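Two complexes follow with subunit A in common, the first pairing it with subunit B and the second with subunit C.
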Partner chain A sequence: MERRSLAATIFVHLAALLLLAVILAPVLWLFVMSISSTPDLIAKPLHWWPDTVDLSRYGVLLSSVANSAGQAFVASLFNSIKVAGMATIAALIVAIPSAWAVSRTPSVGWSLYAVIATYMLPPVALAVPLYMALSWLGLLNNVFGLALVYLTILAPFTTWLLKSGFDSIPREIESAATMDGARLDQILRIITLPLAAPVMATAALFAFLLAWDEFFYALLFTSDQRAKTLTVAIADLAGGRVSDYGLIATAGVLAALPPLLIGLFMQRALISGLTSGGVKG
Partner chain B sequence: MTNNWITTRAWFLMLPLLIVMVAIIGWPLFDTVRLSFTDAKLVGTAGNFVGFENYVRILSGPNFQRTLITTFWFAVLSVSAEMVIGVLAALLLNQQFYGRSVLRALMILPWALPTVVNATLWRLIYNPEYGALNAALTQMGIIGAYQSWLGEPGTALASLIVADCWKNFPLVALIALAALQAVPRDITAAAMVDGAGAWSRFRFVIMPYLAGPLMVALVLRTIEAFKVFDIIWVMTRGGPANSTRTLSILVYQEAFSFQRAGSGASLALIVTLLVTILAVAYAALIRKSAGVS
Partner chain C sequence: MSALELVNIRKRYGSVDTLKGINLSLASGEFLVLLGSSGCGKSTLLNIIAGLAEATEGDVRIGDRSVTGVHPKDRDIAMVFQSYALYPNLSVARNIGFGLEMRRVPAAERAKAVEKTAKMLQIENLLGRRPSELSGGQRQRVAIGRALVRDPKIFLFDEPLSNLDAKLRMETRTELKRLHQMLGTTIVYVTHDQIEAMTLATRIAVMRDGHIEQLASPDEIYNRPATRYVASFVGSPPMNMLDATLVDGTAQIAGSQTVIPLPSSLRSQASRKVIVGIRPENLSLALGDPSKLTIEAKVEVVELTGPELVVTSSIGNQRLTASLPPRSQVTVGSLQRFSIDADGLHVFDAVTEKRIDA
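Showing the complex of A and B:
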């Protein structure tokens, strides 16, 4: 082990403090804005910590009083959960068999590159025909329609991630079971899928986060409370006539909470996914 | 089992994915190509065949060229800042200090924060009348009067880049940190015994381990930055005076605000072509660097 000089140790700790401040300050400020009263937020000089903690905006946004800001927000929250949930499940259903097949069959491996290539496609390349098709099918402003469109992003991504997951499960285990006379569906059900459970969970989390985060398609294809997702609702608040900055911040805190919690608690799984999916390629 | 049968089985298992991909990616892409040669409107008229008229008009117009340059600067500046800050942060997180595991865990926060929330947060921070940035800089005596960071063409793009960089450098840092942890300790120790200084240890001992993963991160981030829409739409909508309008914003305006589906489609295909060129060039670059090391 390397022995550091005192000066180097101090420097490392100062740099770490700086990094901590850079990472935390914006997130903390979002939270502080959400609990500050409006006079505190528009005071000059600005009050960095409110005189009294004001939690009323959380009540406003999570209330279900008809035609209130809360009702619209809660509706968009449920829409986000529905769309992200459905799109994630559908993506896993189509991705799991494909990822396994690509992983175990070198002769079709090239098709994975086609899948990855579609993931690089800019959404604008598909947006116009998708809009026309959804309109023709009557699926504009509809959670099913939006979930279907999200498959364009989630299906290639989960296939890619799951393929590298299946690669790490030795195929000898499957061969041994085949020798013992197990059928393919038995092998997958009893051996491979249970072994792949952690990577499937990681893929599901990533897919859910991607869908939760999505904005472009949601902006194009939804127009009111029936399908509008949280990201669109927040963009509306931020760009609209709302002058209560604390309310905008509160909506941001609530929308950020699920992914932040997933991020903090599932850290290990997410980072291994990031490095295996993103680094090995 | 014969190889033939195994291949057939693989295609059979891939069938659901292939059907979905053809229906919601293949067909729309094909239809975008078709639309790009028409003067179709988004709603109503199907449009007539107009040949390359859309392409000629877009490529020769000032809007496209200016937007391309804006996109180029956004991508180059934000991605290079993210790479440099990300690697520096990773080198720091690889050192011994108190609270290291906590700081490593917190690095996930900006990455996990939804892009739209991040954009909204920074829009509030940059607010010209009540924003935290103006307050902090004034209270520290760095600026005399409140600035309209997102309202001035001179500062809007730079302000966007800072917001984008804050969200994305931690991802680069986490990828680089994972690579750093794979560097065997005895190699760096041996380099030190041999008298290598900090810079040559980084350049010749550590960098070869970092190069591969960083290259992949660079590729993915550049392509994403080139396609950027969310953060700009929420913070400036491409303004002021179109100074932050990127290619994706231009496509949105053309196809959806002005409802010109035909020319919007041609513009979208030009963007797609540029992204493809980037992706292919990078793939070649990665293959080359993998062959060398």
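Showing the complex of A and C:
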């Protein structure tokens, strides 16, 4: 490591702490709100830390009593998992062959740029056509319909990401496998996809997060517990005459948990550098 | 029966002719080196033989069977790539055995073949490792092993030594030569390194701009280069090329009074502009022996490389390099008389650049 003066070291650490604070403060505040009692939340001046810890809202949201806020919340939680999960898997299924094809056939690379260009359209421009299409297919207020819409958002993105992943795998390795007698499916299964595992994991994670956080289309295309996702359910909590900010915060904390768990789980797959050693170096 | 035959191979990328009609025939057990600078089409030709690229025109025959349109895996060939192209996620053993695995060779038989190959290449203690845990030289051996284990009709090597350091490159070169002598396999080997070509090949095809400039044994390529290009490409330091005019059986060096009498076989040639080629090692210090061919030049730079003394001097405005024994007495700035070995003169036509023979 290069030599640094004491002042520079202190500065670097302070900067890191500041960054940490900026990133974590909202999350921390969300959590504090979720365990504060209502009087604490509306007190003036603000109570930064509640006098009493109130965990009742977690119970409310996770209860399964019929027609309760809890039932609606849990249903939307499962809807979100279903929609984001299906859209992510479908996006990978679509993206892997197309990304590989574009990566290995540079002459058709323009087609990917054309797809990416559609990505630049604001979602609202597509809202009406998508609504009419879903309506025609009978897939309004349906998790499959919503997953299909999300697929149109995720597929270009995952294809793009995977293409750069495939680009980094030398073609000579696949040529060698071809000469060794491997069929295309064997090359992909035994050689290329294992080498692309880190970038596939990254693509899956980001796709899932994108679908998980989506609000606009979910709000338009779902109307009740059969298909409403978390983002819409949280918005519903704020929609009444009285907004329980603590409850909204609690829902936010709970909504952040599944992606967090997936992220932790995927961390092992995200280890990169697997390609080193196959070619010169 | 020829192991490999190329019939009028042409390759066109858009409007660019990369290969302009390659014809050659290779006997079984030959070691053919395709030698040329980058962009001459040698790698393209190798890829066409391998089946990784298709020729625009012409036919490739392996073992008297046309393989045009035949998939690489069905051509009975194996290839060693410049980058080694090992499978990073598989063990060394599985890397070597991959070709057999894909051909559904039973596991026990496969393991035996892999072990035998590994032993031959002295990498049997590395079989459990991943490519990333190997040194460059070891990776190279694994790549060679992967080709060897399948016992194909033809081996293709694409600049296999260019990623190794100088010492390892020499060792591996010797190793390759030994393997070839031991196994008697047919090899096509692409390189831009003339030393590799000279040491390894039974025949060298010097390529330039998509055609074969000369196809001959290393000895002939070196001692009887067919064109000026071949003469200047092979040899280090490169051959001296002096512009001259052919007059009455002598060569008058341009820009100087020097006249070199030519061998009797060249006396009858018509007057014209020529290039006289003299290899640096065919020059020596003239020791007052008037019967020999001599040439006088002004010494400019003297470099001792260890085994030899490289003397750069000038005749008029042309450069003359001589490789002399290390203890030769040469003074910078002096006029020095060099004698030329009798068979050390190569004469090329200045226009066609082809060798002029009797």
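Just a few scattered comments:
We take it that the second predicted complex is superposed on the first by the 233 of 281 C-alpha atoms of A that agree within 3 Å, B and C clash if a C-alpha of one lies under 4 Å from a C-alpha of the other, contacts with A are read in each partner's own complex, and residues count from 1 in each chain.
The rule is short, and it goes like this: a contact is a pair of C-beta atoms (placed from the backbone, for glycine too) under 8 Å apart; a residue touches a chain by one contact, two chains touch by 3 or more.
Keep in mind that what you see is a predicted model, and the values were worked out from it rather than measured.
Looking at the shared chain after the overlay, A:P156 reaches subunit B, while subunit C stays out of its contact range.
In the superposition on chain A, A:I10 contacts neither subunit B nor subunit C. In the superposed model, A:L130 lies in contact with subunit B only, and not with subunit C. Counting residues of subunit A touched by each partner, subunit B versus subunit C, the larger count belongs to B. Shared-chain residue A:L28: touches no atom of subunit B or subunit C.
In the superposed pair of complexes, A:G181 makes contact with subunit C only, with no contact to subunit B.
Within subunit A, the residues touching subunit B in one complex and subunit C in the other are 274-275, 278-279. Looking at the complex, you find that subunit B touches subunit A at residues 3, 6-7, 9-11, 13-14, 16-18, 20-21, 24-25, 27-29, 31-32, 35, 42-43, 89, 92-93, 95-100, 103, 105-117, 119-125, 127, 129-130, 132, 135-136, 138-139, 166, 170-171, 174-175, 178-179, 189, 192, 212-213, 216-217, 220, 223, 226-227, 229-230, 233-234, 237, 247-248, 251-252, 255-256, 261, 264-265, 267-269, 271-272, 275-276, 279, 286.
Of all residues in subunit A, only 170, 172-173, 175-183, 186, 190-191, 194-195, 274-280 touch subunit C in the complex they form. For subunit A in complex with subunit B, the residues that touch the partner chain are 2, 4, 9, 12-13, 15-16, 19-20, 22-24, 26-27, 29-30, 33, 41-42, 44-46, 93-95, 97-98, 100-102, 104-105, 107-108, 111, 115, 117-118, 120-133, 135, 148-149, 151-152, 155-156, 159, 184, 209, 212-213, 215-216, 219-220, 230-231, 234-235, 237-239, 245, 248-249, 251-252, 255-256, 259-260, 262-264, 267, 270-271, 274-275, 278-279, 281. Put simply, subunit C touches subunit A in their complex at residues 50-52, 72-73, 77-79, 81-90, 98-99, 102-103, 130-134, 136, 139, 146, 150, 163.
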